[in-house]
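Two complexes follow with chain A in common, the first pairing it with chain B and the second with chain C.
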Partner chain A sequence: MKSLPEITDKVKKNLIWKSIFRRDYRNTVRDRAQAVFGNVFLHLHPVQVRESAVKLRFTWGMGGITFFAFIILVITGVVLMFYYHPSIEQAYTDIKDLEYQVPYGVILRNLHRWGAHFMVIVVMIHMFRVFMTGSYKAPRQFNWGVGVILLVLTFLLSFTGYLTPWDQLGFWAITVGTNMGAATPFLGYQGPFSEFLHITPFNDVRFALLGGALVGGNALLRSYIWHCVAIPLVATILMMVHFWRVRKDGGISKPQK
Partner chain B sequence: MANENKNNSSLRVYLFVFFSVVLLALSVWVVWDDEFGLRPWKKYQEDYKTLKHDKLERDYKKAVVEFERSGGHKKLAELEAKLDKAEAAFQSKETQEKYARLNKQLDAAHEALTVTQKELRNLRGQFLETEYYFTKTQLPEYKAKMDVLQRQIDSVGLRVAAQQKIEDSFKESLSIVTAPKAAIQGEIEKMKNPLEEAKEKIAKNEKVSVEIKQIHIPDIDKADRCQSCHIGIDAKSSVSSVQPFTKHPLSVIYLEKHDPNKFGCTFCHRGQGRATTTAEKAHGNIKHWDEPMLSGDMTQTSCLNCHGDIKGLRGAEKIIKSTELIKKYGCYSCHKIPGYETVGDVGPILTEVGTKVNYSWEVKWLMDPKSYSSISRMPKFYFTQDQAESIADYLFSMTGTTRHDIDNTKTKPDAKLVEAGKALWAQSRCNLCHVTGGRGGNNVKVYAPELSKVGGKVNKEWLFKWIKNPNAYNPGTKMPRFRFTDEEINSLVAFITTEYQDEDMEYKYVQPVEIKPASIAKGKELVQKYGCYGCHKMLGMEDMVQVAPSLKKQGVTFLRNAEMREKIGMELSSIGSKPVDMLDFGKMKKSISNDRLTYIKQKLRDPRGYRLGLRMPNFRLAESEINELASVLYGFTDANVPTRFLVPSRQELDRMAGVSSYKFTGDFAKVIADVKCTNCHMIRGIGADYAPDLSFAGSKLQESWIRNFLANPDVIRPLLQQMPKFGLTSGKPLAKVTMPRFNLGKQKVEDTNKTDVDVVINFFQQELLSSDIPKDIPKITSLTLPEQITKGKQLYDLKGCKACHQIGTDGGALGPNLTNVGNRLNPGFIFKHLENARKFKQDIVEPNYGFTETERIYLTNFLMTLKLNTK
Partner chain C sequence: MNPFIEIITQPDNIAIVIMIFMVSFFMVWAFQQAFHNDRLLAAGLPVDGENDKFVDTFKPLVRIELIIALVVMVGLTVWSILVDAPLEEIANPTLTPNPAKAPWYFLGLQELLVYFDPWLAGVVLPSLIVVGLIAIPYIDINPKGNGYYTFAERKWSIIIFSFGFFVLWLLLIVIGVFFRGPGWLWYWPWQEWDHARVVFEPFRDLSSVVGVDSRSMAGFIIGAVVTGAYLIGGMVAPYMYWKKNHPEFLTKLGMIRYITIVFLFINMMSIPIKMVLRLVFLIKYVWITPWFSI
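Up next, the complex of A and B:
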């Protein structure tokens, strides 16, 4: 029997361990900073944060929780994609099978669904907090703008995901939603001034959203691609910008003393 | 400060621990729930396994008891002793030497054979190779090589055959050596076999794994997992009478024809086949699942999904009966229902109704048909007095210009004439179809009008013309033309108009009143709005289309899909599968259950109840009729049925093959059009099932008998299937229901100089023949005819035929009376009928006795002696 220090030694003093962790960790300011610098996941985060800025009663932690919800949605979403076909024949039955047959399908789908609701709520509370604390003011105007775009993207993620189960609820939601698009000025065929651009039901913004004049297979495929690939991609990039700007604009805003 | 920090951190630790425990507990719960909570079928399958084990265990014990009862142990011991002896003999030095020698020889022979076989294979390979090159190059050298190889193959082949023979002979010698032992071993095994089998079944049951059972129908992506819980549904016998372990009821009918592995369950039963987590979800008894499970008789509605023709379909009795209501009430008159395109009008022709009825009666009838006749099929349209008068004006304006009544009670006809009419009424069996005073109308499916109050309705002159020739007034009528003389008709009219008076009738227009043109126009508008022309033929309305939405897109005649879409909006064409969200519950939204079946039933109960402006009239159906009709409508779906499941109707098949369906031809068609034989009889698939099927009447019946019977049905009175249920007239009750006397044989069929009886007999003998039925029966020479008859009589008594059949007054009344059978039936038919009665009539109760051919000859000869003397 080897003693514990011997085993730890054996584990730590080899090339694999060293290539991953690079250095010993002593709980000093320098090492803590090094750990953050040296980690790809943490380097977006400032090395040091003011204590007052992380006070729960000031920030409510809503931005971080939104990001946390986003991560959960990405993970569960990717797993859900293994069980889902974006075709009108299979979409609904795939959802039913998630409920009835897929191992851990119920918690998987419910995490995704409730997580999505949660994210929408949390992101709005986050915006409310930012507004109430005046954190949109200079020098943070740009980041406020990015945040607004992220809010819209969150809503769009929610909206496009609504159609994917291909049930009555989603079907009519998309029907109504895209009909609203049809009433857009200039770009929707029912909207004002559209006649100047020769807009018809077959070349307007609704047609672009649905891939047709009705909610059908193409609309399902489009909303699937928007939901799973396009919007998350853009949102991820904007989130990077968002976090990075938080640092560059002087960290999380803090209460005035 | 430091103290505060410490307090804070210990609080954080507590919180951390607390939430960690919660998270852990949740994770454990998630795993447990996913494994067991959401998969209740696992327990059902375990339980089923236990139940089945118990049953097999019982079976095994029974087998053991049986084994012991038949002295199995003793026999087994004897056999084992024998086996020991045989073994000893086998082990003797001599035999062993022989055995070893033979084995060695066999091995050697086998080796030699293998070598030669290999050589043969090589040669064949070379031959194929050479052949390939030859076909490619066409060089003669390859051809030559092929010939050489072929010769080699032949010679080696002979050698192989010879060696094979040698090997076989050694094998045989060996088997002779081991034969005694093997025979006894075989016997022992045979004895033990039932026990082994029972044991094996138990072992097999143990090995059955618990797993989801799914039937997948790929072409429509249907996945039914019902058998995950209903594990024994397709078993031959139930292990328990408790759900979900029972077997399918009547599986002989339902499952044998519809293998569950091919059809799944939800095709017929609906419900949610994919659901496995709870019974409510799987059975579809949850909100937002439009298809709750169908069980019991209601399931028969699903027959309509695939079967084009459900007539005579076993197991579909309920839905067959219910479907009759569509014809009864003429739903197809207003709604498009495929399969009913050629069914005639449900209501009488109205082009000359002004010459037929009293104006006052017409108005009263329009306002409430049931006030005149409780069995009337005409629905109530809720017309006001004013509206009814307008419609009556419109109808009367086709043949005249006045509102007019004739009060039949004012004229008193000669009593003698009435008496004669009464006798004729009884003799003609008018009550067979028509109801008077709550009696009669036994042949229900003709839907003849009730005549209890007809005296207040009809015009006498019209009635005379009508009885004389019904086709002249209404070519599509079911009323036959009785060949009455004018005096006879007069007496009948006198009897009807005096006997069946309407006491409540008020004759307001005995003095004719001029009709106002404005009222006619208004009447026409109403007729158009409510679609009277759907059920009644009317002048000026010939080209009108249907007023109501289609009830069915697919089902009985699935090929008409395209045709239907042209006419009717898709969204209303498949009521039985219409999404519940799309049903307009209107005012009833909160007061009735929001499901499809309830919707249909409520619509039938109160057609205008959902909202204002609906036009469907109220048929005032009984609750039982509502249920039946709803079950049919529920079966009109656009269910996604793979074409291979569809069973087209005879008509449909004929249509696809370009064959026209059976039609009567020649003079016989004229007789049919006149006498309407098919009101009661079925002939080659046309007609009703009230009276015997005449499809093979030519082979079945003797000519002289038909002749007598048609001329005078009362005299011979063959006692057919019907039992007496009621007296047909108020006067003397008749013993049996028989065919009406149509007075055939008196007149010539138009354009010919044959009498109608001759035409009928001619058609029977030319057309209605079966190639299966011989003219005569085989002869037996070993016995004389009287001897055969005696034998037949003995058989008749021995088999207890008289339990059901009557000869004279002796015997039961379930089967046909045989008193005069020798005059009625052809011997060939009796002979064939005794072989297999079901061949001619599916639902016959006669058992199959499995007579031999000789027995059938004896019986036939005996039955042919049963003749009633009728001069």
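Up next, the complex of A and C:
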């Protein structure tokens, strides 16, 4: 029988372990710094942060929680995509299958649904916190704007996901929502001044959103692609900018008087 | 079952109940810290976080991030085990539910449809909200209160933002979720939904108050004058006030910022004004034109 240190030694002192972790961690200043900037995931952080960033009181952790909710939604969303066809013949029965056939399908869908609600709530509270601490003020003005667009994208992500189960709830919510598009001034067929541009139900904003004059198969495909590919892509790029700018603008805001 | 219990225990509405609790909690926490810092400022002491030391990211920050992630994950998992996401009947274009509600975070906008035509409630006002939010850092020239909670040093910006955030956004969402029934009519929590309920709406337009048909030329002119007076008066009145009382503030603000702030503000205030006009004075439209109505 070997002792624990011997086993650890065996595990750590070989070519494979060393190729992955490069060096041992000792609790020194240098190694604590190395642990952050030598790790692709942790290097979003600076090596040292102000105490307020560690206490919950100031930030409430809301920005980080929003990002974490987004990660949960990406993971559960990708798994859901394995079981889903964006067509009106199959979409609804696919969701039923999740309920009755797929192992843990119910939990999977629940996590995605409640995670989405949760993300909308925490992103709104994050905005409230940033406002209340005046953190949008110089030099962070631009990053506030990026954040507002990310807030809108969060709403749109949730909204486009609404239609995917192809049930009454989603169908009518999307119908109500996209009817707003028809009221756009100039560009929607019911909106003011649209007659000057010869806008009809077949060439207006709503038609572009739905891929048709009514919510149908094209609308389902469009909302699916916006939901799973296009908006997450844009949101990811903006999140990169958002986090990058938090660092470049001096980290978590500190009292400036 | 009591209709109110039925509404708040609907799976999707549990999220709104959670939101109400979370938002109230963080609102109290924010203002409590703001007043705490205000007392420190008044005493000439440094505010919270001003004399912060630096700590290592690894492990204090990484540890707390891991703990929060675990708490969130466990919370969401428990929520997902206890409550199942609803799945209604398959989509049926021939069967319109009443009421047909938008997703909960858009119910504030759907609520605006009561007071404004769709082109305003669904397109123009939401666009102005987004533009206005992005504009905040550029129009707020108060350098104080940067990086700490405070109320005393930036009273007006906090009051205006809180009014928009808590009243015009969150309160309207709560109304849309819990108090709107068939036909988007108001239902108290203890009232049963009645699909046959018809409400006689004795609404009139602004010019009919003085006895002029709102669709006549005279009505058109009255509406135009009132709307124009609101817009122009709203743009000019703050200028007169500041010019008289705080001319130095106006100089610091500059013309472009002034126009942006006041334009956004009078658009924001048009919402409560339209609400009062409709709910108290039973006035539907202020101005009817052949192209649009306000």
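Methods note: the second predicted complex is superposed on the first by the 253 of 257 C-alpha atoms of A that agree within 3 Å, B and C clash if a C-alpha of one lies under 4 Å from a C-alpha of the other, contacts with A are read in each partner's own complex, and residues count from 1 in each chain.
Going forward, a contact is a pair of C-beta atoms (placed from the backbone, for glycine too) under 8 Å apart; a residue touches a chain by one contact, two chains touch by 3 or more.
Note that this is a predicted model, so its numbers are computed, not measured.
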Comparing chain B and chain C in the superposed model, the one touching more of chain A is C
First (chain B), second (chain C), both or neither touched by A:214
second
Touch check for A:165: first (chain B), second (chain C), both, or neither?
second
Return first, second, both or neither, reflecting whether A:49 touches chain B, chain C, both chains, or no partner chain.
second
Thinking of the overlay built on chain A, is A:89 touched by chain B (first), by chain C (second), by both, or by neither?
first
Quick one: is A:136 in contact with chain B, with chain C, with both, or with neither? Answer first, second, both or neither.
second
First (chain B), second (chain C), both or neither: which does A:104 touch?
first
Does chain B (first) or chain C (second) touch A:9, or do both, or does neither?
neither
Just to be sure I follow: which residues of chain A are touched by chain B in one complex and then by chain C in the other one?
96, 99, 106-107, 168
So in the complex, which bits of chain C are touching chain A?
12, 15, 18-19, 22-23, 26-27, 29-30, 33-34, 46-50, 52-62, 64-65, 68-69, 72-73, 76-77, 79-81, 83-93, 95-97, 100-106, 109-110, 117-119, 121-124, 130, 133-134, 136-138, 140, 143-150, 154, 158, 161, 165, 291-292
Mind listing the chain A positions that touch chain C in their complex?
29, 32-33, 35-36, 42, 45-54, 56-58, 60-61, 64-65, 68-69, 72, 88, 92, 95-96, 99, 106-107, 109-115, 117-118, 120-122, 124-125, 128-129, 131-138, 140-141, 144-145, 148-149, 151-152, 155, 158-159, 162, 165-173, 175-177, 179-185, 188, 190-193, 214-215, 253-257
In the complex, chain B residues that touch chain A
30, 33-34, 38, 212, 221, 223, 225, 272, 274-277, 281, 288, 579, 581
Give every residue of chain A touching chain B within the complex, in rising order.
89-90, 93, 96-97, 99-101, 103-104, 106-107, 168
